[in-house]
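Two complexes come next, and they have one chain in common, chain A, joined by chain B in the first and chain C in the second.
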Partner chain A sequence: MTENIYLVMLLLFSAGIILPILTSGSPKITNILAHGLAVLGCLAIVACSVEVFMTGGVTFTYAMGLPVGSLIIRIDNLSAFFLLALGVVGTAASIYALGYSREYYKQRLGLMAALYNCFILSMALVLTVSQVAYFLIAWELMTVVSFFLVNHEYEKTANTRAAYKYILMTTLGTVFITTAFLILTMTVHSLDFQMFKGASLTSTMRNIVFFCALLGFGTKAGVIPLHIWLPEAHPAAPSHVSALMSGIMIKTAIYGMCRFFLEFLGVGPAWWGEVVLFLAIISSVLGVLYALMQNDLKRLLAYSSVENIGIILLGIGAGMVFMSNNQPVLAGLAFAAGLFHLFNHAVFKSLLFLGAGSVLYSTHTKNIEDLGGLIKKMPYTAVFFLTGAAAISALPTLNGFVSEWLTYQSLFYLPQAVTGILPRLGSVLLIALLGLTGALAANCFVKAFGVTFLAKPRSKHAEQAKEVPATMLTGMGLLSLMCFALGVWPQGMLKLLQGVLSQFAGLEVSTLFNHQWYAAAFNIPQANGVIAMPVVVGMLVLGLIAAVLVYNFNGKPKNVEGETWTCGIIPNARMEYTATGFAQPVRRAYKAFLRTKDTVTADKSLNPYHGVKMKMTVGISYLIDVWLYRPVKKGILFLVNRVKPLQSGNLQHYIGYVLLVTVVILILGVRW
Partner chain B sequence: MSVLFMIIQVVVLAVLAPLVAGVIKNTKGKMQSRRGPGYFQVYFDLRKYFKKDNVISPTVSWIFLAAPYIYFATALGAAALAPTLLFDRGLHYDSIFVLIYMLALGRFFLALASLDAGSTFGGMGGSREMFINVLVEPVMMLTLFTVAMRANSTVMSQMAGAAAASGISLSAILAAIAFLILTVAETGRIPLDNPDTHLELTMVHEGMVLEYCGRSVGLIFWGSAIKQLVTILLMVNFFLPWNPVGSLPPVVWMILKVLVIAVVLAGIETSTNKMRLFRLPGLLIATGCLSLLAIIAM
Partner chain C sequence: MTLLTILLLAGAVILTRVSSLRTAVGILGLQSVIVALACLIFGLKTGEFHMYIAAVLTAVIKVGLIVYSLWRVTLQLKHEREIANFNVSFLLAIVAIIVSYGFVNKVLPHMAGETLGAAIALTMIGLLMIIARSQAIMQVVGLITMENGLYLLGLSITKGLPLIIEMGIFFDILVAVVVLVILTHRLKYSFETTDTSILNELKG
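Right after this comes the complex of A and B.
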């Protein structure tokens, strides 16, 4: 059954790749066909994953007649979990794309739609293929297709730059992933993932595999300091693709890490987990700090993805530390926290990207300083964006809150698992820094929503905004519902995670999350607590009822309209607080990390004492760029300049080189 | 049954919160050689607010109108979660993280509302409030962590129990000092914020709610008073859990300690000046170091 659904899914996406190219005459037909097929394909992915959860994992093999062996598709609970995220987000993004693609009717729509289908297909393959060679092919397909999607609007130079940065970084990552796989393959003499379980590696080799997997997948996930492509590539892609890239594509890297750290390598030394935790906390704090500084809505969201990958890795890193300390229950809790946050982030980040896409669709600007007042022009989009913003700020009773609670909870037990005063202090600080991240995220999304949607429009673009078409609203609405559903009743997802994690040795989840329908307990030998979201919802609802009763205790009040008081002059949009201004206190307090460069220039031509027109430019520089990438870039350029004289352009020289190389090879061949 | 007790707790705390605010105001007045407003003045103010009609700017959206309700609801939720040790909850849902993020929900909407009316003061207040929160939140986590580690649980009733069972130690004293500073921060008092000012350069919380009037402002002020009482209760039950030996029931001691903290808050407010906004990071880093020392000393 699962195999049939899987094949139908492949068929639907293949049709989705071919048909748009054939129907290039009418963009409308292309749009409906391609994205309709994508919706169906994504539903098939969901069906496939549900089927696996109901009936258990499946494996099927196809002899492909290629020299790299036969294709093995294996869908276990871990794959099914990621497939579910892909299916849900993909369905919503594809419905959204039906409306959003109208923007691209004159901009190579057929190509974009075909690539879009191919992109989803490649992610589905990455999550299901269980053989090294085909996995790497699928992985590279995913990269290349998304490269073309990032570069789709190549008329803008910034997009092309972003695309090349992206392909460069991820190719570098693939080198590491390939190395990791090669070491495993050479050890067990097989390309099948299943054979890697418990591969007998020396501890040095295991460490090398660990670092290769961490660096390789970390590049794709956007872990700081390997993140530099992410904040440029995600905003450059069309918005529904950005949603998938931030929502799912970077999570496929986490899928790879789970495979390596949970399955292939097994329980490792504690410092592996500590390395992951270190990278995770840097990613989350710096990611959100940079996000808060952005005024480009999609760039802000992209940086916030870096932050959330950090939070996911906090759960995974903590789980690894617990595993090596032989605390399987706590390890299960921590991994559940990480994976739950992964699913939640997939939902709310794609929701936010779709929301940003809607803003872009109707105002044609991403600069939040030019927006404002959209809540009145686009009421539904505003509600959906607000849902996403509240969820990502971990506010109850939305899904982000539950997974952050679980993450806090697992970090709370971390000091017990480590020994020595410094590691213990470090793990205590993790909680404080996660608190800092949460507060900065709330700050960031108050700014993003408040400046974009509230008060008066700041430009003509924003004034003329209209609500987006129904298909786009449906896509966002679906994801908003998911945010509420997973927040109000997380038990279902927690049960699912129990099933996903129970297949791994080193984790013990059977005692976790068992309680009544209204509460999921994490009963750990040392302590207990429950996640009872319905109780929290009940409190808030009762509180709201009480507030309404108190408000109307003396009868309904009379509401009189009165303009905002601005000291006697008529208020206008230029008096509103700007996004830059809103972030200013944090920018100033954290200037050591942000390296702020603010300059105020006054035009003194009209008044010699103080300028009449003042202009302020705000700049920050990114530490990682300055410390890591610029020296590397300089070094490469230096070396290239040294090598350049070899390229003389003279044919005789090149023949000379060939001769030289041949001689050297001959000598080496004889000597060995 | 526990639901009934919880509702009783919420009602009692909500009713008493303005009284605690009144005690602080009155004591502050006396310390500043004034007569000070009466203990029940806050009740009179609230009654006045809830009789008024509203003036609402045409610029605002539903966010502005909904924010006071949400803020009040989260304050009540916090009151429901506050550890009083007076009844057994049965289900241990009262995690400290629920309380912290419940308050964050109210703050989030109030900060959004501050941007909604389109005035500069509102945005300034909202921006500063979120900034102070960025400074306070990590330190708050650390300080509460000292108690949670002792209880090996983040459930507040268990934390309060463990705190009461442990004796006076250096670690507990350091943590108590740290949380006292955080109480000042959370209740928006000098030196972090000034609840009595409407001077545009210094107001934070007041600036954020400047555009509100009438019943909405009543809800916000009442909510703030409840939030203040909940914070004081956290201070009392987590960081000053020791009762002198005597025949008085614990409840009486708790009330007495709440009043003592109220007087201390008034004293702090009288004896210091408001700090510049960008001096606050230093103060809170120092507070964070105190909590770290408390953890090391444990």
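Right after this comes the complex of A and C.
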């Protein structure tokens, strides 16, 4: 049954790849065909994963012969969990794309739609293929297709630059991933993932595999310091693609890490987990700080993805520490927290990207300094964006709260698990820093929502905004519902996670969520009087009703005469709080990390003493760029310039090189 | 057979010291005659019929067509001479012979003393000619020397390649030479010289 659904899924996406190219004459037909097929395909993915959760994992093998051997598709609970996220987000994004693609009717729509289908298909393959060679092929396919999607609007130089940065970084990552796989393959003499379980590696080799997997998948996940492609590439892609890239594609890297850390490598030394935790906390804090500094809506969301990947990895890193300390229950809790946050982030980040896409669709600008007042023009979009923003800020009754709360809980037990004064101090700091991250994230999304949607329009673009088409609203609405559903009733997802994690050795999840309240309240006897989220929701609803009653009781608003405000001028958009201004206190406070470069110049041409016009430029520099990437870039350029004379332009020299190399190889070959 | 091998190598070494284009083409013709003879001798020795065909083909294409077309071109290039450091290429040719015989000795000891070493040396000398000469004609000569070396290699290892492969190689080389001759004409026409070192102007 699962196999049939899987094949139908493959068929749907294949049709979705081919048909848009054939129907290039009429963009409307292309749009409906391609994205309709994508919706169906994503529903098939959901069905596939539900089927696996109901009936258990499946493996099917297709003999493909040389050169890379038989294709093994294995869908276990872990794959199914990721497939579920892909299916849900993919469905919403595809419905959204039905409307959003109108922007691209004159911009190679057929190509984009085909690539979009191919993109979802490649992600589904990455999550299900269980054989090294095909996994790497699918992985690279995903990279290449997303490269073309990022580069879709190649008329803008910035997009092309972003795309090339992206392909450069991810290729680097693939080198590491391939190395990790090759070491495992050489040890067990098999390409099948199943054989890697408990491969007998020496501890040095295990460490090398661990680092290769961490760096390789970390690049794709956008872990700082390997994140530099992410804030460039995600904004450059069309918005529904950005939603998938941020929502799912970077999560496939987490899938790879789970496979390696939970399955292939098994329980490792504690310092593995500590390394992951270290990278995770750096990603979260710096990611959110940088996010807060951005004025480009999609760029802001991209940096926020870096932050959330950090939070997911906090769960996973803590789980690894607990595993090596032989604390399976805590390890289960930490991994469950990480994976839950992963799912939640997939939902609300795609929702936010779709929201940003809607803003872009109706105003044609991503710069939030030019927006404002959109809540009156686009009320539904505003509500959906607000839902996403509240969810990502981890406000209760929304899903972000549940997973962050679980992450906190697992981190609270971390100081007990580690030994030594420094790691203990570090693990306490971790909690504090996560708190800081949460606060900054809330600040960041107050800025994103407030400046974009509230107050008065700051430009013509914002004034002329209109509500987006119904298909786009449907896509966002689905994800908003998901945010509420997972926040109010997370038990279902927790049950799924129990199923996902119970298959791994070193984790014990069967008793984890037995309590009513999804807090894993250890040492507290079976909870009496715990409040469940539905109760909270009920109270909130009661409060709202009371508020409405009180409002009505007070009667209609009346005009009150008062003092003049703004000296009698009607307040205009220039008096509003700007995005830069809103972020200013944080800029000041974290000057040391952000390396702020603010300059104020007075134009003294009209008045030689103090000037009449003042101009302020603000900027930050990115520490990672300055410390890591620039020296590397300089080094590479230096080397390249040394090698350049070899390229003389003389054909005979080139033939000479060939001869030289041949002779040297001959000599080396016979070991003279 | 040994005598033919020695003659071939001697011809190749002399080629590295020749500056007149017409002499070079003449020596090339002689070499091709030797290869055809070697082919014939092999045919007599083994009694394989297709060796005779190969010998005839060698004679017709390498001795006849190729040499004739090159000769025609050189007649037009009266004022062209090869200017290069002959001593260095001569020395390099000697080194190539030593290296290839040493290589054969080391890797395939039972084949040592046969034509295999000479074949490899011939190939390397041909490549050296291509690298070290700037006259287009001399480079073509180098290419055909290489081809002769490869042909000899086939003869010495396998007692003759299958006919179909030999035919393929023949037509390949024929087409290459025809193209090169045409290019040489164009060079003469466009640049007033067939010295390829001025082609560096094309470098971007």
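In the analysis below, the second predicted complex is superposed on the first by the 625 of 672 C-alpha atoms of A that agree within 3 Å, B and C clash if a C-alpha of one lies under 4 Å from a C-alpha of the other, contacts with A are read in each partner's own complex, and residues count from 1 in each chain.
One rule holds for everything that comes next: a residue touches a chain if its C-beta (ideal position, glycine included) is under 8 Å from a C-beta of that chain, and two chains touch if they have at least 3 such contacts.
None of the values given here were measured: they were computed from a predicted structure.
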Which partner reaches more residues of chain A, chain B or chain C? B
For A:V670, using the defined touch cut-off, is the partner it touches chain B, chain C, both, or neither? Pick first, second, both or neither. second
A:N650 in the overlay: touching chain B, chain C, both, or neither? Say first, second, both or neither. second
Of the partners chain B and chain C, which touch A:L659 in the superposed model: first, second, both, neither? second
So, A:K558: does it touch chain B (first), chain C (second), both, or neither? first
Touched partner set for A:W405, first chain B, second chain C, both or neither: first
Go through the superposed model and pick first if A:S393 touches only chain B, second if only chain C, both, or neither. first
Is A:L436 in contact with chain B, with chain C, with both, or with neither (first, second, both, neither)? first
Contact residues common to both interfaces of chain A (with chain B and with chain C): none
So in the complex, which bits of chain B are touching chain A? 7, 50-59, 61-63, 68-70, 72-77, 80-81, 91-93, 95, 97-98, 100-102, 104-105, 107-108, 111-112, 114-120, 122-124, 126-128, 130-131, 133-142, 145, 148-149, 151-155, 158, 211, 214-216, 218-219, 222, 277-278, 281, 288, 292, 295-296
What does chain C use to touch chain A in their complex? 99, 102-103, 106-107, 124, 127-128, 130-132, 134, 196-197, 199-200, 202-204
Residue set of chain A touching chain B in the complex reads 375-376, 382, 386, 390, 393-396, 401, 404-405, 408-409, 412, 415, 421, 425, 428-429, 431-436, 438-440, 442-443, 446, 449-451, 453-456, 519, 526-532, 535-536, 539-540, 542-544, 546-548, 550-551, 553-554, 557-566, 571, 573, 575-577, 581-586, 588-589
Can you list the chain A residues touching chain C in their complex? 648-653, 655-656, 658-659, 663, 666-667, 669-670, 672
